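Okay, so chain A shows up in both of these, paired with chain B first and chain C after.
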Partner chain A sequence: MPDILSRPFRFGSNSGQPITRRDGIAKVTGTAIFAADNMPDRLLHAVIVPAGIARGRVTHLDAEAAEAHPGVTHVITPQNRPPLQGDPSAKTMMFSFRIEVLQDDAVRYAGQPIAMVLGETLEAATEGAHLLSPRYDVEPARVRLDDSPSFAFDPAGFGLPADVEHGDVDAGHRAARWVVDATYETAAQYHNAMETHAIVAEWDGDRLTLDMPSQALAISCAAYAFYFGIPAGNVTLRSPYLGGGFGSKAFATGPQVLAILAARMTGRPVKLMLTRQQMFGPVGHRGATRQRLRLGADDRAALTVIDHEGLAETSSFDDFVEPAAGASQGLYAARALRSTHRAVRLDIGTPGPMRAPGEASGSAALECAMDEMAEQIGIDPLEFRLRNYAETEPGTGRPYSSKALRECYMQAAERFGWAGRPLKPGQMRDDNGLLVGWGMGTALFPCPMFAAEARATLRPDGTALVETSAADMGQGAWTALAQIAADSLGLPLEKLEFRSGHSGLPDAGVAGGSGHTATAGGALHAAGSDVIRQLGEIAAADPASPLYGSGNAGFVARDGRLYVADDDSRSEAFAEIIGRAGGAAITGNGTASRPPEDAERHAMSSHGAVFAEVKVDPDLYQMRVTRMVGAFAAGRIINPRLAESQLMGGMIWGISFALHEEARHDPRTGRIVNADFAGYHVPVNADVRGLEVITVHEDDPYVNALGIKGVGEIGITGAVGAIANAIWHATGKRIRRFPIRIEDLSTA
Partner chain B sequence: MNRFDFIQPITIEDAIAAWRPGAAWLGGGTNLVDLMKTGALQPELVIDITHLPGLGTIETLPDGSTRIGALANNSDLAHDPGISRRFPMLAEAILSGASGQLRNAATVGGNLMQRTRCAYFQDPNAACNRRVPGLGCDAREGENANLAILGWSASCIATNPSDFCVSLAALDAVVEVQGPAGRREIAFTDFHHLPGDTPERENALKPGELILALRLPAEAAQFATNSRYLKLRDRTSFAFAIASAAAALRLESGRIAEARLALGAVAAKPWRVTEAETLLTGHIPDPALFERAADAALAGAAPSGGNAWKIDLARRTAARALVMAAAGTPARMPALPASPFGELTGEPTHA
Partner chain C sequence: MSISITLTLNGAARDIALDDTRVTLLDLLRERLALPGTKKGCDRGQCGACTVLVNGRRLNSCLTLAVTLDGAEITTIEGLAEGDELHPVQSAFIENDGFQCGYCTPGQIMSAVGLIAEGHAGEDLERIREGMSGNLCRCAAYHGITLAVREATRRMAEDKKGQAA
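Our next item is the complex of A and B:
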């Protein structure tokens, strides 16, 4: 099991350079070892049995039949499940979920694990799982937003935006000359990373080793240690590669805990990999929402109020409510602003954070409502947004740490060719007679920063080792973070060995919230700077060094040499300085977090603008996004190639959200009827035609030392509304439910 | 997956002799294996027919008909120069289905034997009369927006998922089969059954019969210059149809001498509509005529659930397919076969 990448295949220079992914060739040639590729000796294969009903009780499992099947070694049910040391319903930290680990015979959602079968082969365990033939006491399933009463819920407490109210909302409604009052619905979506959730667990006494894709190594170790009553330091988690995560691999999940339990119970290593179908339930999802948007605008098209009510589903046993209305909080300069949430308990797996949680669904509704208001007033949608441009944060009046949204609007509009767009819908056709529509939306995502640690070691030969437990989900952390580390040490990338993806390394925090590059990168930068500071002290105190006595001037590291900050003629190679000092490696440590006062004084967000063109067949209603242009201002871009790729991925998810993605429940059984990739649609290549990303530079001295804001999630926001608005512009039809399908246009 | 016997006979006679109730023929496996994994199908014996000789050829017979072996794969068939010249609608229909990888594996015989994609058929936990006779039909009160609007019954509202079969129905193909009682032929439009009270009887094959080949009569090539397949779907590739239509015209002196029209995704079988064909015959092609033909094609349509919207959409699809057929078969296969977007200029070939 390699903990580090094999020797990188291509290096360019450092930050700001569009270096290709250093792990790209390993991944596309199959030499990258993912969690489920591990096959330790004496391995047992685990298969979970998903509940076939959404609510009720398991009354019978035919364990005898399963146990009698050749190759089946164990059948684990609530009756014989060994105890856990930590309560699976405990909320030990902010990011804890209640997990389902066979603690009772209750069924709380379809797909919930109700048993686990172990076998010498995957086939044996799979057949054993079939043979259990569960029987149930069934209660009616509640799976739609109207199936249960709603209750007020404030999403604060999960690091999510709390409900807010600024200004006099009632007065804002009264002052409105123009009113939009519209309700939008978004479908439940399930994270479907290419790599499904997997784990190989092995115990050695009270020490646990896990091969498992993880977006948050330290948090995961702490969670598993809690459930099994061991110190967190006893858990080794190796996660060198992830085949995607999207938020679902940041938390301990029930199936993975069961696999660890099975390994302890049997004294053998146990592997579990969820099937695609099993991804629809126990590992989180983006909850369905219904959002009411009430906007008011005055005679001058200035917003008098944004009143955003979000209703979202959560499970019957835990709380995660898609904070959709939060998307309206920081964007437009309305005189009054209110965002509130309600929740509905349904017989579904607990939702969780899925790429741009809240922002994606909330932005979809807000940007559509903004378009409807622009239509009412009779002005261009971009002009309407410019008239309501927030120069300071709405409600609080705080200055933005930086905000190049106006430049995003202008550059994207120019590139798209927005000028001259007819205000009225149904005015444009292409040569083939297809209806053409143009729409736009504003993109917004906060730029949080978490806490992280890193270590840098400058070796006597002038090369360096840098270490932090970062997670590369495919976004390119391994490349971008190495670029930052190399810069902090003044080394070319090829002189750097970068270790990551292992819990034994300094904690890089969570790869989530679009904050990983800023957070882990900040720690790496600090660690490298610490090394250079120490090196400078040694050189300044060494009479044999050309840098002797220049400590007050400070030093700059570049190309493996240390220079006096204001005098390029005085420099010395790292190796020479270390050599004379006795040849011992120099180790530096770094941490990163945002100073609370900076966070308090400034509003901090990434911004962007997305423009979309759709074509719609006027008779058959088939639609297709034919062009998209997005411009994004997200502070300093470390690697333009990877950042643009992230932003494109987000915009493609916008297409998916707007036109494709939806988990559909059978209304009676509560089972998801399209739980595979044939039925659960995401866009194929043919659905994604012209796609262009522009990054607008920002110098932001407040977000963090490196000026990084993050690009992981913002691409979805703005894009969904832009597409829906373009469909209206093509057809004159406002479809207020996502995804928008042929069925919807044909019946509208 | 349940335990099953697996054999690989090397002669057709051995294969047929090996068949017993509960056995399944395995071709490309793109549908059967998926259903075995989920537990929806649990054959006791799987007979791998891919080693049988002579079933993969595509040939022109002395009478001018074209014979396609049951093991020819979908990709080879779609890219066969003779097929795309004489029966371009077949190639267009095949290329609009599944994905490149699946088409490389899937066989012609298997395409005819595809099971419905009704979610309740595929879910072994659900009640489905087609999978287990007498169990009931969960689709009636379930997610049925894309299920049948024609030819359905109280016991089953499933649709046939094939694109290829719609074009075969339009072109009067013949299915050659061999079973314990010898060889026989089945007219394509008789091959798939409507559900009635016996939805489990999906086709005209008798126990132990194996599809050997398809045959397209020589006359079917007379439609080559005016035949199109059109498919509506919620994404541009790798999606089953919401509505589809195969339309073919033989024009003589500006009039329709003969017409063919079949609809897909509307019934448990490809829905050939001879009434509409008769209505078209002898007339000068024009959109109003096509609208009337499309109306006739949907005569008798009724929603089987929340899918009344599909009736008008299927009608529009049929009318458009006729318009496209009248406009002429494109000289080259559109980059997006069977798509309303297929004629976009400069479209990259990535369907």
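Our next item is the complex of A and C:
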């Protein structure tokens, strides 16, 4: 076992500081420009017409009525839609989804675009869209998990998760002294970033400019270029700010392709902004699941088996199966582990990854099952988890690159005041007679790294420009990445200009998988280091420099000066070194990806522990989360202020998952009946109080050069189970269906 | 058909010719007056992203037809700071990390300014949470929002006291 603390880390003066957001002033003054804020001359407004049925055919659209409306300029239907150069059903790259772009008159789900209306004003286009008054041939809708037969599939990377088995599962079941066999259901959830999917598209010949929020700029350019038969380099995508993404803005979507098509067809710039209602369908969602968990434990409370079967919905025409059962693979030291997945085809939009895909839904079920097992054995749920603590990765035996989960348990439990919690449910009441319950769950999320590139330029005046096409959807890329870049160059932040959010810059990869800071940050770090290396070579070869001849010793950059490593008496300002060398700026390039041997030898994950208190009205069963403490170990934290905000946001998504979010279909029409913010509930401010986040530091020399793991998604995991378990602890009722509703408790 | 209305918009008198009675205040600001700081999140009064002050009261601009506002005094996020000097609510949002993506932020801030002016939340966190619950934040920066509103309330009260003294 290597001593992970013995490898020195370079700690700059910027990383680790809780500085406020660098885009803060723009965002509080309304000057941060989001996609739909753009208003080029000669703009046309586009409005999508969504299907009002879930399966069948469009038989009539009153295009004449729409066209006759003053201000309406075009009505685009399958009859007159100009051709696309790329097949909308093609799966050309890893992250391709089949999209709905008026290729025929078939309706595959409610909310699918069936026409688009363009107008000189938004009001005209909106009215035109209403006037189309579609008529349909309706077929029965299949929208519930039992409405279609389930099927097995061959795993094929993205969207089709692999089944995994370690150890002798049958033997694990046979060896069990204690057994939990329970089935949990999770609801369909929709990302619903506050900024709906928006686009302003403008053509100049065969060059396309898009103002559009994107979590993956280079991939998006390639995707749109494919549909329109132009080189990816002809697409310029500007995405300086995303009004939230959560996974839904990483992929090309049908409505956005239609807006681009409309711009090409009309020769005018076109703006499309989906309505809130239209966010429920063509832009992805977290698919509903039904998960069976079979746990076995021996008479020492050691898990003999975790057997996790996931059933998830996908659409009738594409594959994305929520990889929920995978969440049971990396967490507890069971002797045998099995995760399997099956899918059901329904008349719904294709699901996709939504904040903590797989882990959020899978962890909700697993953490509840763990609680049920602890109850059965009669031991404290935290003690039960500690007895099954995985010192090495379950199944593979690989060492963790770092794992401070035990510290997370201890610190969060201490802060929460877990000690002395009664084992039996229904034992605690507050002064107002409300039932009080405490529950906990373990949080886990992998820490992937993708590929990214960055460029750093040290200018003759000692300031620097750093560039990468990162995406800031609220996680703080503008700030945290600048902190990393400044440290890599040994500069204070104010001497750094950071350009990002533009496809013309080096590819920063995907803002997803909680890997963006590690990946884009890694590339920036490498680019800055490349500049410093070049600067050192110049100085070491320059007889006039105090650093002359010190090349072998290595250099350290700090506060705009280059120092000989371990010799603070020898240093020189960047500007002086560059000045004597002729005054040309020095440009460095960097890439980031994880060394394959480190990825092979180590299991890598962020970990955490979440403790929740709920209060439940004994008569009305109204539930409220009154306190929550989460402790998370996620490698090095670049900016504690921003990281804690993100972790807390994740925990609130946990509240939302456990108690609020559910898209409900009318089984007769297949439509979602609550497709807006009045009916689709997410937490409001008054739902959130008493939250605390603790970050537990880890030095991890294997995940990447910076030791960063990622904090974007882990906050949801653990939290859902903690709340459900707290509700059981308050009431004695196990609700195995999310979100937990008042009627579930009152009828249980 | 064109209808003229007069607004006092962020302190300046504006004569506006409306060619369409269906235009909401939100779309007037965003699409016709080049003030896109006010955001559209739902267009039906369910999320608060479009909150502005009309005659000093906070209001969902997506639910208000522009033609009904003749003579009104309107303050949007663009009109809050005085030059480079941020409004106390704006700086408190930055210092307390009361936002992540920033999309709901103009509405949150205008709502907070309105709430503080209403004066019935004071520095009581539970009342602030309740009073700010018409403004959704999907990033869920509620903890920071609540602290920011309290801090701004306190700072504005102190400023007032200082001016009175």
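The criterion applied here is as follows: the second predicted complex is superposed on the first by the 728 of 748 C-alpha atoms of A that agree within 3 Å, B and C clash if a C-alpha of one lies under 4 Å from a C-alpha of the other, contacts with A are read in each partner's own complex, and residues count from 1 in each chain.
Everything that follows uses one rule, which is that contacts are C-beta pairs under 8 Å (C-beta built on N, C-alpha and C of every residue); 3 or more make two chains touch, one makes a residue touch a chain.
Note that this is a predicted model, so its numbers are computed, not measured.
Visitor: In the overlaid three-chain picture, which partner chain does A:Leu659 touch, first (chain B) or second (chain C), both, or neither?
Guide: first
Visitor: Who does A:Ala36 touch here: chain B (first), chain C (second), both, or neither?
Guide: second
Visitor: Name the contact category of A:Ser746: first (chain B only), second (chain C only), both, or neither.
Guide: In the superposition, A:Ser746 contacts chain B only.
Visitor: Applying the document's definition of touch, where does A:Arg671 land relative to chain B and chain C: first, second, both, or neither?
Guide: The first partner, chain B, only.
Visitor: With the two structures laid over each other on chain A, which partner does A:Ala176 touch: chain B (first), chain C (second), both, or neither?
Guide: A:Ala176 contacts neither chain B nor chain C.
Visitor: Which holds for A:Tyr241: it touches chain B only (first), chain C only (second), both, or neither?
Guide: second
Visitor: Which of the two, chain B or chain C, is in touch with more residues of chain A?
Guide: C
Visitor: With the two complexes superposed on chain A, say which partner A:Asp617 touches: chain B (first), chain C (second), both, or neither.
Guide: The answer is first: A:Asp617 touches chain B but not chain C.
Visitor: In the superposed arrangement, does A:Cys221 touch chain B (first), chain C (second), both or neither?
Guide: After superposing on A, A:Cys221 lies clear of both chain B and chain C.
Visitor: If you stack the two complexes on chain A, which partner ends up touching A:Leu261: first (chain B), second (chain C), both, or neither?
Guide: neither
Visitor: What part of chain A is shared between its chain B contacts and its chain C contacts?
Guide: Overlap of chain B and chain C footprints on chain A: residues 123, 127, 678, 683-687.
Visitor: Mind pulling up the chain A residues that touch chain C in the complex?
Guide: That would be residues 20-21, 23-34, 36-37, 39, 45, 121-124, 127, 192-196, 241-246, 273, 275-276, 472-476, 641-642, 645-646, 648-649, 652-653, 656, 676-678, 682-689, 691 of chain A.
Visitor: What residues on chain C touch chain A, complex-wise?
Guide: Answer in residue numbers: 20, 22-23, 27, 30-31, 34-44, 46-47, 49, 76-78, 80-81, 86, 90-91, 93-95, 97, 99-106, 109, 125-126, 128-130, 132-146.
Visitor: Which residues of chain B touch chain A in their complex?
Guide: 1-3, 38-39, 117, 119-120, 123, 125-126, 138, 141-143, 145, 232-240, 242, 309-310, 312-313, 316-317, 319-320, 336, 339-341, 343-345, 350-351
Visitor: Can you tell me which positions in chain A touch chain B when the two form their complex?
Guide: Its residues touching chain B are 52, 123, 126-127, 130, 277, 430-432, 434, 615, 617, 619-622, 624, 659-660, 664-669, 671, 673-674, 678-679, 681, 683-687, 739, 741-743, 746-747.
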